[in-house]
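Next up: some structures, all given as structure tokens.
Consider the two complexes below, in which chain A is the common component and chain B and chain C are the respective partners.
Presenting the complex of A and B:
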């Protein structure tokens, strides 16, 4: 039986206006996120992964706008929802955490006040709110929560701030958490702690997470399924095992070959060139100018995201020719 | 036996903590952050040494102090037989061009108001490296080395992408024909595919020009790929150093071990292991007594809380500072 997806994005387009030019940051993105699934959006900077994530709760910067497509959350279209309904969805249904917690926490009030703000709409007494806040802090592993509630964000370390952000995002018990590069600003040992925390919370609260990251290592550790984005489009979607062991898009393979996974002396194979300028019209496949496999068809006809194997989608005309290559072959050629 | 190009001996660099008016009136003693605390290591001619550690461990301060961009508070740096800290500023200028730095952020390390030609010409004229009429030829030569063409000469940094800017940064360092390159997180701000281009470039240049390199990074994968030897720092001290392969295979210091295990491996079937590190790096203002790592170390005992372990050489080339070193294997 097919499970009903929690979130279903269809042909989402978010455009920005920059210097009187239209920048197609998100250009026809479609994907589903199932219940209690961790779904990864990976790609290099400027590929539209953050813009996609922000579009999902309609928090696109003022120069941008969702110009088309639909975002079905439990069957309800978020793109069309009135602003009043959106205010209810944000936080209560879909929570969000960001890369740099110092920029998103209010420096002028204590963590406790910011956390308890979430409970104010539930008409609880002060004592009940404090109790709930302490419980939340304990859940995300902040030691000594009763005293820490009275601390300001600057008194927290980087890792603790990210934990506090997670506590605030989860206080209203959202069913979906959007995590935009949650560990990028942290040291590896702290990153490891936050990864473990998010994985544990997913189990406990059975929520779904959309993880935006540029780090293939983090994505492979956390995600059930991964979408690889490039130039505002999705290039490939599949389970994380499939993506690493059986990639079906030259861009995904290019990313893996760029990583120093093999030993010394094995030369890296970087993807030549640079990503396209999104303010210009792209004909054909956006990756074609950098792709070693590109043929005439790739330069003229934009490949649709299609199922090349059950559950494995790829937007490449020549996906079938890519078999038997994986990150392991990149790792083992010595 | 290869010769030592750079030798750092017992280097100390501390920064004073700003005192409040009350502290001054109360005559409280000045407090210091000991960013680099008694660090010694050597770099042989022609090798690449990786310097790793988490943020705030002092790796960038160490690099800058080696070049005397920070004035040192103790110790000695001997570069190519010369005592760097004993030089007068005019002597320093003559030595410094042999040792060049490449910085992390390709956006803030280039002057936005200067074209590439102006930047390169300035260096050549300040150091009187070549006659006027040969300058353009030399500039084109270094640009070609980093894979850029003539059309880059009269453009401003804002007209280049991050990867290209990092190439310009490298060109700027190479125009001096240095013996040593100190690269402080040169690829951290770049995307993976661009990162790979720059790593390949650095390796090629190192081989072509016979450069010695100190490569600083928090990315353990990149360091493993590029370095011959690795130095691991924690809170201003070296905790372990050794041959790259050997150190990654069998770390002797618990911190190195944890650092290697915490870095997420690119493997969808890995669960990250059972190993969890608790706590966070303490503030360098209040460095814990005894072994600096003891509050986070799974093996710490009473001795670790009181006695600071010295950096001892286990076998040639491998040093570790720990009372309970893990069972690293000696070279076969």
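Presenting the complex of A and C:
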């Protein structure tokens, strides 16, 4: 892990303005993504994982703004980059795929036209573009690509649309792919195919992927390292194995306990309460009101993300007390 | 089963009746526009005082006016003038207004604020009053009628397109093309415009009628097309002094106006039905 990271996010803050209140959707997030690594961002809905993801290519909604921090991509700060440079980075350096394969394609033009639009910027001839498009469709596993190029998005099934979306996103050969809940809207069998496809593409194209998901199962299958987000902050970052077998944050543990395990026959234990209102000032640890381990220090002093073991970061004052508990043991304790 | 057979024999709600009827009606008007000699053998400008103010008869089915001109002929030739005005007055605002709406909606911020305030100011005045004011500044003539309607008419298209752009702008596929690093112009014209222009096109069809009515009103007031050009509004205006004993001079060109207007409304309705049903079939 001593290599230079591909992407390095430092103290990123993205705030939104909602009903004249400032919503701190991303509040001081820092992480690194290495070359050809799959990095997961997991957490509940509204914890800021999508906002973080969109900030990375500066496509936050019009009510939001990156107010601080830096995003270093190959040493270049994306937050400060002029809009013209951003247009070059989007697509060619950092691509993105979205949650809803139903809505992410223009309904009025064929898949082929939308795919070839990417190649138009490279000033290729019509025949070369078609050839490249067919090759791309084949790469993402769309059968019969030559005829399918002429189809409209509504003629594709959900899974095929997501494949088409991936083909379009990868057409300009980005070195980093942002995948914002790419499997959430799909049923499980298709989900599995898309996961396999993304893993396969990572090997073939040696690109990095940032996977945003709320599904711990998907994250565990795909990611090399995972960051757990809560209330716009990162609670824990470590390798997926460590996260599942040696979690060092009570929130991560809570997520594990609320995850159904097939065949174990144990009751789920949900996390009590609701996430904090991000438009209010939070003092202390944002998870403290819901945390069974919370002490006075947790309610007054905000814990910093610190290295509790080599390569294992946790933002909990009492991280050391959590050794020996994993998603398996906590199920058996029941 | 029974209701189904009755339906299939009589009115089938899935048939585009509005489109068919409107289309046939407009086809008649268009035929008059391009081949007026098919309908009448008289000259619209030829005067014959011997037969002035004659009521409708087999020879002159719409009667004659105070100069003895055949009214039906004047109405038929008037279709050309009125349709031309309606179409030309609509086409420029359709393009300019939609473009302004696209720019305002896409860029937002101060660009949007500025364009929308100008649009608000235009809306604050009644349409016809503003058109009359502009014509009285420019002088009365047919070309000034166009200019006046162009200057005022764009705002409706701007409003329509802008509101659609605001919806489309945040849609996922626009986010997706933005994430590919496409330029603003490319996204605006290749992706946003085709998905937002529907309502403007539907409005444009009925706007032809509105423009025609405004032009006819202006001619009636003596501000638009000048006599002796056979324009429906102008003909109605000419017939006004004789309305008590020669009703046909005012009523029948009015009927032509209503006929054309109905055809365009039906057509607009039919088109909007097809466009909104597009995804379902």
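Keep in mind that, in the parts below, the second predicted complex is superposed on the first by the 322 of 334 C-alpha atoms of A that agree within 3 Å, B and C clash if a C-alpha of one lies under 4 Å from a C-alpha of the other, contacts with A are read in each partner's own complex, and residues count from 1 in each chain.
By our rule, a residue touches a chain if its C-beta (ideal position, glycine included) is under 8 Å from a C-beta of that chain, and two chains touch if they have at least 3 such contacts.
These numbers come from a predicted model, not from an experiment.
Asks: For the overlay on chain A, clash or fit between chain B and chain C?
Replies: fit
Asks: Under the stated touch criterion, which partner chain does A:192 make contact with: chain B (first), chain C (second), both, or neither?
Replies: In the superposition, A:192 touches chain B alone.
Asks: Which partner does A:244 reach: the first (chain B), the second (chain C), both, or neither?
Replies: Touch partner of A:244: chain B, not chain C.
Asks: On chain A, which partner's contacts cover more residues, chain B's or chain C's?
Replies: So, of the two partners, B touches more residues of chain A.
Asks: Examine A:76 and indicate which partner it touches, taking first as chain B and second as chain C; both and neither are also allowed.
Replies: Touch partners of A:76: none, neither chain B nor chain C.
Asks: Just checking: does A:214 make contact with chain B only, chain C only, both, or neither of them? Give me first, second, both or neither.
Replies: After superposing on A, A:214 lies in contact with chain B but is clear of chain C.
Asks: How wide is the angle at chain A between chain B and chain C, using CA centres, rounded to the nearest 10°?
Replies: 80
Asks: According to the stated criteria, A:135 is in contact with first (chain B), second (chain C), both, or neither; which is it?
Replies: After superposing on A, A:135 lies clear of both chain B and chain C.
Asks: Please indicate which partner A:172 is in contact with in the superposed arrangement: first for chain B, second for chain C, both, or neither.
Replies: second
Asks: How many Å separate the nearest C-alpha atoms of chain B and chain C in the overlaid structures?
Replies: Chain B and chain C, overlaid via chain A, are at closest 6 Å apart by C-alpha.
Asks: What residues on chain C touch chain A, complex-wise?
Replies: Where chain C meets chain A, its residues are 108, 170-173, 175-183, 186, 190-191, 194-195, 279.
Asks: Provide the residue numbers of chain A that touch chain B in the complex, in ascending order.
Replies: 44-45, 157-160, 187-193, 195-196, 214-218, 220-221, 239-241, 243-245, 254-261, 263-264, 267-272, 274, 327
Asks: Okay, in this complex, where on chain B does chain A touch?
Replies: 54-55, 161, 163, 191-197, 199-200, 218, 220-222, 224-226, 244-245, 258-259, 261-272, 276-277, 280-281
Asks: Which bits of chain A are touching chain C when the two form their complex?
Replies: Chain A residues touching chain C: 57, 59, 61-62, 86-92, 95-100, 103-109, 117-118, 154, 165, 168-169, 172, 178.
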